[in-house]
């Protein structure tokens, strides 16, 4: 079946993206606490991006469950999402190496918005193939407010990073991550009932 | 079944090739617009190559659908295609870092021809295992003109890059990509009917 | 089915982690025995970490066998384990490049404890979804003493590395690895009976 | 089923090993023919190693077909083979960068012997689980002479590289590769009859 290979390919790309980021953690020269201290911002960025990519993987997983067939549109929408996500290691490394400099943090925020949009496009492309509503499609539709909130918070993060403080932007990123780590009870139930 | 593992291995290689290219996007030193400006050609090359590898993956996917059994010839033809594609990140990085220098662009064009030939060899190897025609094999056969057009445009890109302007070569690459992004209605229908 | 994709994604991450470590083996400049001698500590670290990741993969494999359904908690517990393991190549490279310096060896030990805890969390999350005991769940429960012994030996390795000798810490790491390479006869039997 | 995951993990590792080697192809500084000329030995090494890993993948594929169940011994024998193969990118890069220096070529030969031994160990571990002979197990057993010839040629390559000429060692490597590219008619038939 078609869908299996699309999932296998996507899983491969997700797995590589999430693991490649650790390559940004460059091995420090010495072993004193100074060497470790330099690592800390990069390590924080890595954890943050790991969580974001993990959230996308979990949601991708739920979304694909509801796909009835694989269309060319769906394949390209999926490629679009994977492309945006494949830029995450780069943006993560840039933000980490520059110790949360304003432009780097704003770029990271902009990338997260782009990923969010790519996900929304994939989501609507898949929904267009639905002929009937299932508990799972309903449950996914109910995550829309969460999606909107995320995009609003990401959008706020850019001016915050540029004109107020990169720290507030980071707090907004963490807030979005927490919002999505809390599992949707409806999706859980819909998956169980399946 | 044999075919599953061939697809799984190929998907793995495709996923790695498409994601490894982002490693060419070296993290710039500063965060000013000058740093970003240097990145732009590499980013364009990455997008272009991402689209090309994605096109190959989608077509590989359709092609494998029509394979009845896995022969040694098919395995080696597949390895040949994967080998050519695995050189794409290298050619992409070379073209990006040298800002579309003539020789680098022509090399990229030559690699795309080689990939096209490797795909054609895989395609005929698989067709030789067919005992009867299905709507999907018919639909794939009808993409032949597209394949020929691509090879002609790629072949044009080499003298264009070397003797006229690398820009025209780039436009030819984009033209081929657009040609393949437009999905084949016949393949879509054949996959749906299956 | 849900579980297949969770396994496929995890397998992808495991495969990348285990192979990425070899990238730490930097190609030496010359080809004399001096060049090779410098490589030896890194090579040893690579073998050790390869064995540890392999042990985790095998146990992950058995554990997933017993999972009835995939819950959000299980997904995040799995992500936690993969995150900890994805830091192994970094810690391995750090330990290798610094020729078993005290702090690097202690950090490696601390990471192994973290991985062990992440595995224990995943293990209990999966056990909570069990409704009845099978020979396999019983056999896995009987590996608990091994888990405790490992954590105790890892914990010992940190003060040993810092205050006594990194060599003793390394011996403790090897001891834990040997403990897990010896296959559990009960798991073997339970898998056969399945 | 157990075997699927072992194959999926192995396929992942094979895919990464075969693709990671291209990272050794460092992007040359300029674009003149001098820059390209420096690349040629590395490119040759890459092609050679690609073919070797591909041969192992194809044979691994046939071998796994005959496995009835997955034992702990088989898992570790498989890990041993993957470990040896994961050193191939390193040995390839070392040989390429040093322009076929004697010690590097001999090391490459020694690694190929080790991979061959690891494969033989996996092969006998799997054969021990067989309860009856099938056409495929027979066909695989008949590749034994090929295995012995390979090990003899590899063993010859080491003194040849060290004391006569690295070129002769390279010719021996190519000879072994050609020996395995020619598909075994018996395996082909056995797979078709299955």
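Here the chain labels run A, B, C and D in written order, and each chain numbers its own residues starting at 1.
We take it that a contact is a pair of C-beta atoms (placed from the backbone, for glycine too) under 8 Å apart; a residue touches a chain by one contact, two chains touch by 3 or more.
None of these values were measured; they are calculated from a predicted model.
Engineer: Can you tell me which chain lies farthest from chain C, using the average of the Cα atoms as each chain's centre?
Structural biologist: Most remote chain from chain C, centroid-wise, comes out as B.
Engineer: Same residues or different residues where chain C meets chain D? The copies count as same if more than half of the interface numbers are shared.
Structural biologist: Shared-number fraction below one half, so different.
Engineer: Suppose each chain is reduced to the average of its Cα coordinates; what separation in Å results between chain B and chain C?
Structural biologist: The answer is 37 Å.
Engineer: How far is the middle of chain A from the middle of chain C, if each middle is the mean of its Cα atoms, in Å?
Structural biologist: The answer is 27 Å.
Engineer: Specify, in ascending order, the residues of chain D that touch 2 or more different other chains.
Structural biologist: Within chain D, residues 8, 12, 15-16, 20, 23 contact more than one other chain.
Engineer: Can you check the complex and tell me which residues of chain C touch chain A?
Structural biologist: 2, 5, 8-9, 12-13, 15-17, 20, 23-24, 69-73, 75-76, 79, 82-83, 86-87, 89-90, 93-94, 97-98, 101-104
Engineer: Contact residues on chain D for chain B in the complex?
Structural biologist: Against chain B, the touching part of chain D is residues 7-8, 11-12, 14-16, 18-20, 22-23, 25, 27-28, 30-32, 47, 50, 54, 57-58, 61, 65, 181, 183, 187-188, 191-192.
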